[in-house]
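Both complexes shown next keep chain A, but they swap its partner, so chain B is in the first and chain C is in the second.
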Partner chain A sequence: MNVAVAKTGSGRAVSDVFASAQGRLPGSAAIAEARRQAFETYERLGLPHRRIEEWKYTDLRALVGEVLPLAATPDAAALSRATEAVKAQAFAGARKLVLVDGVFAPELSDLAALGPEISLTTLREALDKDAGGDLLKTASTDAMISLNAALATDGVVLAIRDGAQLSVPVQIIHVATVSSASVVTRSQLRIGNGARVTIIESFAPAATAGAYQVIDALILSIGDDADVAHIRLMDDAPDAVNVTSAIVTIGARTKLNLFNMTTGAAVSRLQGFITLAGEGSTLAANGVNLLRKTEHGDTTLVVDHAVPGCTSRETFRAVVDDRGHSVFQGRIIVRPDAQKTDGKMMTRALLLSDEAEADNKPELEIFADDVSCGHGATAGALDDSLLFYLRARGLPEKEAQALLIQAFVGEAIEEIADDGLREHVIGLAERWLEARK
Partner chain B sequence: MPAVQETVDRVRRIDVDQYRYGFETLIDSEKAPKGLSEDIVKFISGKKNEPAWMLEWRLEAYRRWLTMREPTWARVDYPRIDYQDIYYYAAPKPKKSVSSLDEIDPEILKTYEKLGIPLREVAVLEGVEPKPSESDPPARKIAVDAVFDSVSVATTFKAELKKAGVIFMPISEAIREHPELVQKYLGSVVPTSDNFYATLNSAVFSDGSFVYVPPGVRCPMELSTYFRINERNTGQFERTLIIADKGSYVSYLEGCTAPQRDENQLHAAVVELVALDDAEIKYSTVQNWYPGNSEGVGGIYNFVTKRGDCRGANSKISWTQVETGSAITWKYPSCILRGDNSRGEFYSIAISNGFQQVDSGTKMIHLGRNTTSRIISKGIAAGKSQNTYRGLVTAHRKATGARNFTACDSLLIGDKCGAHTVPYIEAKNSSATFEHEATTSKISEDVLFYCVQRGLSQEEAVGLVVNGFVKDVLQQLPMEFAVEAQKLISISLEGSVG
Partner chain C sequence: MPLLEVKDLKVRVEEREILHGLTLTVNEGEVHAIMGPNGSGKSTLSHVIAGKPGYEVTDGQILFKGEDLLEMAPEERAAKGVFLAFQYPVEIPGVATMNFLRTALNAQRKARGESEYSTPDFLKKVREVSKSLNIPQDMLKRGVNVGFSGGEKKRNEVLQMALFEPSLCILDEMDSGLDIDALRIAADGVNALRSPKRSMVVITHYQRLLNYIVPDVVHVMSRGKVVKTGNKELALELEASGYAQFEDAA
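Moving on, here comes the complex of A and B:
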């Protein structure tokens, strides 16, 4: 439709945000030019709204209204506030990389433990060296990805060597310690051929933080014959906003397991653009939204089968309580040459309250004939007969519900291969259920 | 599993170049000047001897249309339409006022004969109906309203329907004879401001069918309209309004054809259905407008707004469509399930070949309590066509106990075409239960395994499953139409069951 209405009050406010941020954004003149172009792309579209098809159910103009000024570079006090949050989020044994208020915090990270197979630099360093100009570029024309490129203050740039077999996960922890400010990071992960690695990404607030906005981007490219898991745990403050874009490219014969769980934020959206660019790869992109109060959680996945012979599976579960609103949009694209594609997507929503809402838009876009693709979608309440069965055996109602909900979300969680990590995620889901009681 | 060779061959055989209804009838016709303006709207209204309120209604729609823009969200691609380069009114030149079929231009009757439409009810009416033998059951009666370009040329069985109290007439006559009904219901389902094409239709519609079934009446026969575009450079804008009063039932069929030309012609119809308490409307379409030739030249642009309103409790509206024609189809027959316990159904087979583009589906809008809906959509894309299912299922907060089941399956034949599925599923209360499934693949392995295990060959098993599956949608059509539709499709739906 006509997007010419993009110039609203919020559209103008963001240009002030950009202007005032320019002085402290890393990068040379060439980088500044790339940022200016990205910002122009954003300005043409403005904050996404319901008239843009991809954002139909997540109208950021109505839900968020404006982009907040960038958070200040964290001082010692902010870093010490972040320490607690890092402790709470850390997965036992993982090598931590911590970003506080959009800036890499080496003092909170396990740099020494990274080992020779991982090379790390920060986005800031890369941009200052003028080496990372293409870090800000993507083929996408999405407004939020462009805004991220314009405003990104820092991020991690990780490269994992060919053949690296990492038995311990790498965990990137994003901590916000601020209120009423935005946190914008952009990270790049390059995973070499034959590498085997688990990456965890956690989003969490420090105790005093609130009403902040996270506008994040992750560029993940994986070589051939690799085996990668990326587990994202989004547990932001209840009044925060988190819009994360993930741009993923997968090589040949690679196995990738993506998982996302949303348990926080007033408004959140994870938009994943995943391209299967090498033959014989297998993708699992699963997710769970656990929403309550007036939380709005959106998971949007575009899986692009660009080459023949790949398999993709998407399993998504939403549990929506109170006046929560869950959105799932999944699109499977099969390009003309991508014969022998096997793509399946299943999205299910469980509505626990009469005012809860779940919107599902599972799309198929298919240009090849020898394929097997499908999707399913359901929405409904807990099965009364199952509840009755459990209650007849003496379980209190809430417990019976919790048991059924656990089983419901379990289907999306169970594909996490690492036992410890899977238990950790189940624990987080249980914690959400506990709070319900 | 790719489509088996047999299926591919059958699709080739019904290739678009072999359009059977592509002939043109040479008759004198009367046309309004090209283009659209308030004067044209007044001209059409004047031609129809319409009352002032109707002209006002049209003009209001026209003025609103001027402020609207063509929708671009559908997955269809075509050059801009010049709305000033179309004749908005074309009618066969009347010899004098027509009072019986014999006075209709014999050329037109011949056209309908060629199309196989039984306009002549003579045998039945004059009592010379041959005695039905035991092996040959009596033919079922169908009342036909034939619309030729912009006007209705004949409506059959009027007398018999009148006996039952059913009103079935061209809408232009209904505006004059039953203004109270038309005024009450026209635009109440598809308002004049609804969308670009519906608004255009509201301004310039020239004819169409009007049906009113009084309370408690089960319409004694199938009602049918046959639409034919004949003139060059014309658009056809018909408007259909069907009202089923409390406890009544009506089944309505619609068929469409057009001559083979290398220009694109616009067809922008509006169909409104109103079902009051306990009433049921069954609306079936076999759409076979000229699809263009194998190079993608010519064909009808079919931009149609169809919507049914289950206004009363326990009412039911069922849409069945077999879409094989048109260069571009943009059509979403919908149900507004307002009455408690009302039910909406949508059964569709959409076949695209050559350069055809189909963007079709349905909307089920659950507003009342315990409303149910069912969507069965089968899309087949061949040649270089694009076939999209686009559907919305939504349950309002107050629509407690709403239920929907949706199954949409697609089959691709060849690697130059595309099949797409774009469903929107919105549940706004916890007691709504929605189930949706879509596949683009072969018949379920489990089902085949089951059959093969019991001694059937793979081919037999496929045949068995496909047969049962085709019935599923075709069964929804009245018998006469089912036969026609089957002939029209004449390809199996192998590989699309999931």
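Moving on, here comes the complex of A and C:
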């Protein structure tokens, strides 16, 4: 095969990034081979760009240019810099699992509190034991998933036992302390039959960090009759990049609430590939993008109804100020057997400035005939008549706007069932709004 | 000093003049009715007093307690004591009524340099007023006006009037869309707020409302001006003879 060498903007070949990292990447011989193959796939494709349909609105070649060298393994100083960020991100009462610069940090994590229903290993340990190389294999040929497989340094591998009823959330906190380096993690969460759990995943920088790149993957598989919430809060540094790929498989009669809120990073994309693989399940995949300055935030969801009788709802809200750019792409696939599918998505963008931009691309691919599917999209400014009503009642303009924006994003947040967590997320959105005043 | 003085007010909307030199004086404690046919400029007057964007004042003045109202943002006017009860109160999904009431009240108090209401005092007051207006508590938990009937929306306006304690209330077509029972409840609420310290401007097309809220002074508006001023008997006269006579006078 003739592989053209992909040069990055600075002339550094991406293969150099891989080559220089290879010596310290964990894994068995089979994993090393899986990495090599994944890297080959990536190298053939290069950074996604606008001529690839799925990446039309998020041209990483133009927005990001190059993949930065892998971050160094954090030393004691890095861990100490991460401590403040962990404290700021920690949701009260949650059991924390902390990754610093892409490496699991047991000293910052609540290992003792995990209890018998949760088993934890690090990806690093799991890769070393993985004789088949399966942990890094996915069916996807997406360039960023391949790059992640090639370079993943660590992550958490969590298994929640069948029937576990966890009233306290598990929170995975990703902290970056580096500058001009990439952080590549992959986590695998396996949730047993009948289990009930809330998982929070937070991304944030230490005070010193900047211009780093997060290339993350989440492999989430859920059994039957489970009740799961995954709440992702991405608040990476204002000049950082975060590209996260989530591959989710849902069993039968399971309830899953996926929620993402983007309040950080100069360029971000969350791409979710969600398969409803068991009958009678209910999925809510909701999200909020809060963007300002020149921030670019992309949420791309592919919801695959592979079996009959499942319900999916996507509620997405974008608030875009200054010259921000929000992207929502939602595809619902209904396979030929997936009769009685009920799939709907609604995406709305609120543009707070003349230069703000929002792209909404809903797609339905329906191969069954007895289904109920729909989508809707709106984009516009705040309603003047509502603003005037609030101001006529004494609210200053910015406060009136803030109240309306909160109400607007609230529609995507309200399905978070845990009262404390929902209030926490609302608080984070309010903090973003405060910065407008 | 009069509470409200509108002097020779000329107002345009998109190049078209709607008010052609309107003059109106309201003293403290008085209830004025402004009657007139559709398109005479009644609602424009109420919007300009409240500060709604989109109106261009080309001439004249509005003084409130001697201060130039036109220089103030809508929220400043509210904090000074101007209250417009909307003809069509808007629905605000996602903003719980209770949260809205508290936020608005505290914003006004903050602007006046007053301390914020304590939560128990606020709740007590809301409960008291909502009970007298026949507003069920669960309505206050819903989004502002969301799913409210016409009567409930108007009662919600009166509830706010009672909470904010303005010195000038402008009631824009309060009777539109209300049946007699709903009208009576809303009007009773308004009457309970009449006080020597509070003035009201009741804008209406029909005399009917004035059976419930009896004015001290009645003005007839036609084609962007006040063309006749009298006592409450004038409203009855109008009911009998209609507005046609004034269309010519303007």
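Just so we're on the same page, the second predicted complex is superposed on the first by the 423 of 437 C-alpha atoms of A that agree within 3 Å, B and C clash if a C-alpha of one lies under 4 Å from a C-alpha of the other, contacts with A are read in each partner's own complex, and residues count from 1 in each chain.
Convention: contacts are C-beta pairs under 8 Å (C-beta built on N, C-alpha and C of every residue); 3 or more make two chains touch, one makes a residue touch a chain.
Given the structure is predicted, the values throughout are model-derived calculations rather than measurements.
Novice: Output check: A:E53 vs chain B and chain C. Expected answer is one of first, second, both, neither. What do you get?
Specialist: In the superposition, A:E53 contacts chain B only.
Novice: With the two complexes superposed on chain A, say which partner A:Y389 touches: chain B (first), chain C (second), both, or neither.
Specialist: second
Novice: Report for A:E434: first if it touches chain B alone, second if chain C alone, otherwise both or neither.
Specialist: Touch partners of A:E434: none, neither chain B nor chain C.
Novice: Between chain B (first) and chain C (second), which, if any, makes contact with A:F408: first, second, both or neither?
Specialist: second
Novice: Between chain B and chain C, which one contacts more residues of chain A in the superposed model?
Specialist: Comparing touch counts on chain A for chain B and chain C gives B.
Novice: Quick check on the complex: what are the chain B residues that touch chain A?
Specialist: Touch residues, chain B against chain A: 1-3, 69, 72-73, 397, 400, 410, 412-442, 498.
Novice: Provide the residue numbers of chain C that touch chain A in the complex, in ascending order.
Specialist: 50-53, 73-75, 77-79, 84, 86, 89-90, 92-95, 100, 103-105, 107-108, 111, 143, 160, 164
Novice: For the complex, which residues does chain A have touching chain C?
Specialist: 383-386, 388-397, 399-400, 403-404, 406-408, 410-411
Novice: Within the complex, which stretch of chain A touches chain B?
Specialist: 1-2, 53, 336, 339, 349, 351-381
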